[in-house]
Each structure stands twice: as structure tokens, then as C-alpha cells.
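Think of it as A, B and C in the order they're written, each chain with its own count starting at 1.
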């Protein structure tokens, strides 16, 4: 029940995602995936986020950066939590926000999505924040929008959730200062996690020493050998000497069939406890994208304990979303005639 | 299967809609229907819309015209698309917007609607944008609101959808410059279309040469002889030499019973194709209120072709809604003590 | 069927609600219940509301008092009407508003509520307006929020609805000038009414001469002997010589079992008519929190008659909500490091 294998460090690439995300000057113009973005771009996102991180502490929690811009939260999949973070980030930038929930029925198929996009484009909106149940939906939309519109991926199927990954990177950097030499373990349902994919790409690009994924064999993707990770199916072994443990949320609704015996058994094998955590470095950071299933992914005393930076992740998430919105909006403007 | 008849050019009038829509100085104070409004008022709407049409191109897409005003989107019938256009128009005018969806249950009947209105009035809101499944609902509300409140009809039953009609007029004017001498054909479910009624009144008032309606006999209203239109039940004949073709959306959910054999057969007889369009003038404009059922009302290559102004209609819709909101708000203010 | 009893005038107290609502300087910092608040605080709320009461009459209905603050309408129970009043009050204060409807399912239980709160706190919001079906939910949240966050109770179970009570007090004061010497009757489902509880505390604290409750015995709470009220089960007797009649809404959905024979019979015994109202003082005020069930709680001609101040209550409600939001926000600020 324990094994460790070192695999080649070649991140996989979606076709064109580099060309699609950057403008002709090589600046971020859509934010769809951490994949294929350079260390410089990822670092710039964190630097801009740093500059926004004090806005929430001010008496007037607003900056006029995107005043008069219209940002559309275009959610084909319901997520109050994620929508709220983007809405708040947009309002702190003084943008106008439209929340549109597209029923996942007929409207979310092929041509209809394009008609929805064309229609909103014609209303001269500036940005789509897209959440969709299908992998690649944000790419598809970014490929078809007008030059003066940016697309931010707020989660697409099993593919990517890049703002979540970047808020995690930003949180690590704020605590650890450097990525050099860090060992990071990601624990849980790697197979179904768009967050894990985006994290792995970002961590490797930012140059951590080692990325480990820890999961039951049934929850590992088939392409681990191209992801640039070390694979473990034993938690204790996997978190030994790591600097950061990122717990994934068990997406019960995403799991089809009997891949897991029971929540109880999952917790026994892969749930994080204070005791198990002693295997990691003494100053280990514990992260989770929320919402936590206490007693499944981790004990409550780990979630609320001194190693946990879970609430800092949330705070940092606003700053990171402000950053990518601002960067994408700036670099789209120079595309306009 | 083909026939053409010329009918008397007397538009029908709802009782009092002229007195109701204008203030004592003859200025627009509610916008409920294009019926009974003068050519001067309709032209003023388009002139004001023209003045707002560049706002969406500015870096800051806002003007402070309605700052500190409260606009209530009061939707008794769900329509994300229409609600979005009004919300966007209001935000570009710097107004505050409240979206209220009233369940179409008990709450939408008689006295309850009035209680809802009285309640919102007491909160000192400034404008109701009303969508309702019953014809005349906006008139009813306009008859009962306080003098300092304006009502905009965002579609009531089969009766009227005047902002849609005026964005169509504005789009025609921007392309054709003049209404004089234009031949305009409206194609589709005339019987159930509030849009068609509002368009016919506006086109006749603005002085086009000829308005034609083209529909299967089962989808023609009984009062075509008072609408001031030429009636056709053959598409090719009806669009011959026209300057503008306005396709209506086939509102499947509004049709009761077996008025149509099938979507396929409808398309064969009344669907617009590039080939059929050759019957019209070479510079014919093709319009549709959206969303399009491609392959039912028209071929995709017509919808996306060079004659289509469908997306310009959407863009113009924001400016027209900004215009009627501003005009109604200005003329209500002079009513205040 | 008629009886009257004088009961001891000792309002009941929830544990710590005084300490919880006030900061160290004795200033309002959360607004959870009228209970335990001093006459000075209640008077200050009305004074501040008075200063805001002209904002709705201005051409620009906004003051920059809470610009750059984030107010979250956190509704665990749906109420468009109440949510709208808070949203409007917040926007008139220039705050940013997030509307979050939490499904009353799993998410509203124990630890999950706390996780929701912690999460929103981490987004650096400033205020929670909480509506919840369980009594004490707002207290629970106020006990757990960070020092820089205020909680406003927008109705919790059968416990309290303090902004409704204070808008009623404010309305009485604007008409009657003084509370001294007033006789006030509250009529209806006292047992299930959070509004009645909050009103009784406020009226007694503000020093009215007499508070009467009038209800069928089945709709009286068990603790009337500690509430400081006179109890009547006969309407005519109860409203004799009163200055103010406050009708409660019959919350049909809150009543379990056969506590009432029928709406018709209820109206016969406890419904207010013009004729019955002659028992009260000639300048009696008639109040109702809305929405009215005409023909159940009162005749339409009473609701719309000269004694009714029902719509003034709505108008005053915006000013009172602006007042408590501003006071709580000010007094929280001094808590910050």
C-alpha cells in the first residue's frame, strides 16, 4: 500500500493556451490556465496582488482602477462561493458587475453559448468571468470573443481553476518568501481536481524543489507521468519533510461509482490529523480551498490550528482576482483600435 | 397559398395611452407603448439614444445622468436577457438598480400587485421597469403610481414591447438615415408578438412607405385590417423589393394547440435563406430580436451574413434604454412639487 | 370570551444581549434585539434616522457615509421584501452590497454557519445583515464574528425583528412626538411574532403608559406575565381608548395545527374594521408591518384609510436601517487596532 515513483517533469499543454492567453506583447490578456504561462507572468500576478492586498484594510475598500468597466460573471454552473469572490474583487476595483446564471440546459450547448457571448459582447461589456462544467469551455469562449474582451476562467470541468491555484501560490510566497527548495504535497482526489492540475503547473513553473501528489490509486489521473510530480499512495510517507500540504476537497458529487469505500475509511487513510502532521517539517503550512469537510479531509483541530493558512487563502483570493482582472483589462485595452 | 391585401392605415389605440405616457407639457413620462406617441417623441428618443451611443466606447462607460436614482427591475415574468439590458443601461447612467422577481403565483394578481407597487413607492424609488405576462400590466401600474415615479414597459403579454421596437427603429435610422420611402416586412408569429405590434405602430408613425406582415394565416391577428399593414402569407412575395426584413422569434411556448405543422415545415415556408433574400433590395437589412432559432426563423448564414444587423440591434438597445430612462426621469421630475 | 389582566412589567432578557450589542464605550456595535437596550440608545437610533429621512427626497438619493464598505445580506431564509429594504438602505449610504442566499439545507447547521461566516470575514467584509429561521441565530453569529464586523438582525425565528420594531417606534414618534402617556395595542398572533416581542421591549423602554396585547388565547405566548403587557382576548375591549393599534401579519405558514378555526372567523373576532376602530381614540394610528392580508387582519378601507400610517412605516424603515447600519459601523471602527 505504499509506493513512490519519480516521474518526468514535463507539464502537459493544451493546444495554443500560451498564444491564447497572451497578447502580442506577451502580456496576460485572458487568464485560463496556469499551464504554459511563464515564471515572469505568474510572478507578476503575485506582485500585482501584493499591491492590492492592503485595499481590504483601508477605510474605503475601493480603488478606481476599473471604474466604468462592465464585468460579467457568466456562470453555467452554480457556485455562490466563487461568484462572491469575483463580485467582491470587481467591486473593490470599482467595476460594474452583472451576474448571469445560465441554466445548464439547452443554453449551454455549442452554438447557444456563442450566441450568448455575442449578445453580451454587443452590449459592450469588458470581461467574462466564466464558470462551466465542461473542460475547455473558457478556452472555447476566449477563442471567440472580440479583441476588447477578456476571459477569466473561474473553473472549467476537470481542467483548470487558475485563480484558486494562484491564490495558493501567493499565500505560499507570503509565508515562505521563496519557492526554491520547497517540497509541496497535494493530497486527495487528484483525478477529479481542476485545482490540483492548476497548482501542479504553477508550482513547477515557479521552481519548487518537489511536487508530490498523494491519493488512493483510484483517484489518480492516468497522466501522472507527464505532470512532473512524485506519486504516493501513503499519506505518512508522502508528507514526510514537506513544507506545504495542500488538501483537496472531496468532491463527492464528482465521483462516479465506487471509487472510495467510505468517508470514514478515506479519513483513516488520507485524512490529516495533528499526529500525522508531525511527519512534515515543523513549520509546515496546511492549505485547503474550502469549504472543508471536517472529519473527512482533515480534523477540525488541523483546520483551525496554527499550521493552517486556510483563511489567509480566502483573503489573498480577493487580491489575486483583483490582480488578474486588472492585468487582463490593461492588456486588452492596448488591443483596441 | 399567396394573397396580398391593402388595409386601412389606422393604428388601433389603447384607451388613454397617450394621456398616460405624456406629462402636461407633452413630454414622455412613462414609456408603455409606441402606440399614440407622435413622430416628434419617437424621433426624440432616437436623438437622445444617438447622444448616448458613444458611452459604451468610452474607457469609463458611465455618465452621471441618473446618479442617486433608484431603478427597480420589477419582473413578474423571468427574462434574464431583457433584465440584463435594462440593468446595464441603468448602471451606465450611474443609477442604483434593484432586481425584484415577483413569483407569478398569488402575488401577481390584482390588489397584490398594487400593494407591491405602493410598498416600493414608499421606499422612494424613482422608476419601475416592468415585465409581465399579462397585456396591459404596465398601463395598470402607470395608472396607479405616484407622480414622481416613471414606468417603462419591458414587455407585457401580447400587447407591447416598446423598447425593442424603438431599438429596431434606431437601428434602421442609423443604417438608412430616413424612414421615407422604406418598405419593411415583418415575418413570423404576428399573432402572438408584442414586438410586432410595437414595431408596426412605430414604423407607421415614422412614415415608412409600406409595412408588410408575412405569416401563416393561423399566426395573423384578427385586427390586421386596423393595423395599417399589407398582409402576405407567402414569404417570397412579401419580401420582394423590401428595404428591411424583421424576423420574429418563434415563441414556441406561447403557441397553443396545433397552429403549426412542424418547425421543419415552418422553415420551408417562412424561414429566411440567402437564396430567398435575393427577392429583397440588394442592400436589405435583416433584423431579429434574438435569441435566434437558427434553422427555424432563418439560416445561420443569413443570421451571421452581411445583411444582418442583429448584433447592432443589441448594441443600440442599450442606448435606447438609456434614452427612455433619462427622458422619463427628466419629465417626471418637473411633476414633483 | 373577554378578560383583562395586568402583569408585572419586567421584560425578559436573553443572556448577554446587552454586553453583546454594545462596545466598551456603551455604543451600539451590533443590532440584534431591542431587549436590554437603553432608552438613550433607542432614542439615538430615531434621531439618526431623522437625520437620514430627507435623503430619499433629494435629487441624488445617496450620502457617502459608508462608501467603500461591504455589507453582506446573509439570508438563510428567503425574504425579498426585507432584503430589498436593507439593500436600498445600504446603497443610499453608498456601501457595496453582496446578496447571499444560503440554502436552508445542510449549510445552515452549526459548524457550517461558522465556516460561512469565517469565509466571508476573511474577504474583509464589514457587516452581516442576517435573516434566519432559528431564534438566536444572529446572536450566535455576533458572538463569533471578528471585532471589525457588525451584525444586524433582520429577523430570527420567533425571537426578534428589531429594525421592524424601531421603524414602528420612529413612525409613532414622528406622529405623536412623545411616548409618554400613549396606550398601544398589538393585535394578532403574538405567540409566533418576532415583531411583537421586539415592539413590546421597545415600547416599554421608551416609556409608553400601557402596552396591550390582543389575541386569541391559542396565539398568546406562555410568558406574557413577564413581558410587561396587559392581555386581552377581546378586540373591542382591548382597543378602547388606545392611541396606536399595531396589527400583526397572520403568518399562516408559521402556525402548526388547528390553532385557528378559519380566516373568516379570525376576521370576525380580531379583524379591524372602521366600525370597531371607533372604540379607539379619535386620532388613533393604525400600523401593520406588511404585507397585509386584506379581509383577514383588517378591512381594505382601514388599511387605506386616514388612520393608516402603513406606507409611512415603509418609508421610515429605510431611514431606520440606514441609522442602525451607520451607528454599528461607526462603533465597530473604534474597535479596530
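Just so we're on the same page, a residue touches a chain if its C-beta (ideal position, glycine included) is under 8 Å from a C-beta of that chain, and two chains touch if they have at least 3 such contacts.
As the structure is a computational prediction, the values presented were derived from the model and not from experiment.
Novice: Rounded to the nearest 5 degrees, what is the angle of the rotation relating the C-alpha atoms of chain A to those of chain C?
Specialist: Fitting chain A to chain C on C-alpha atoms yields 120 degrees.
Novice: Same or different interface residues for chain B and chain C, judged by whether over half of the residue numbers are used by both?
Specialist: Under half of the interface numbering overlaps between copies: different.
Novice: Counting only Cα atoms for the centres, state how far chain B is from chain C in Å.
Specialist: Roughly 43 Å separates the two chain centres.
Novice: Any chance you could list the residues of chain A touching two or more other chains?
Specialist: Within chain A, no residue contacts more than one other chain.
Novice: Please name which positions on chain B make contact with chain A in the complex.
Specialist: Per the stated touch rule, the residues are 56-62, 80-81, 84-85, 87-88, 91-92, 290-292, 294, 300, 311-315, 317-318.
Novice: Which part of chain C faces chain A closely enough to touch in the complex?
Specialist: Touch list, chain C to chain A: 67-70, 96, 98, 100-101, 111-112, 115, 118-126, 333.
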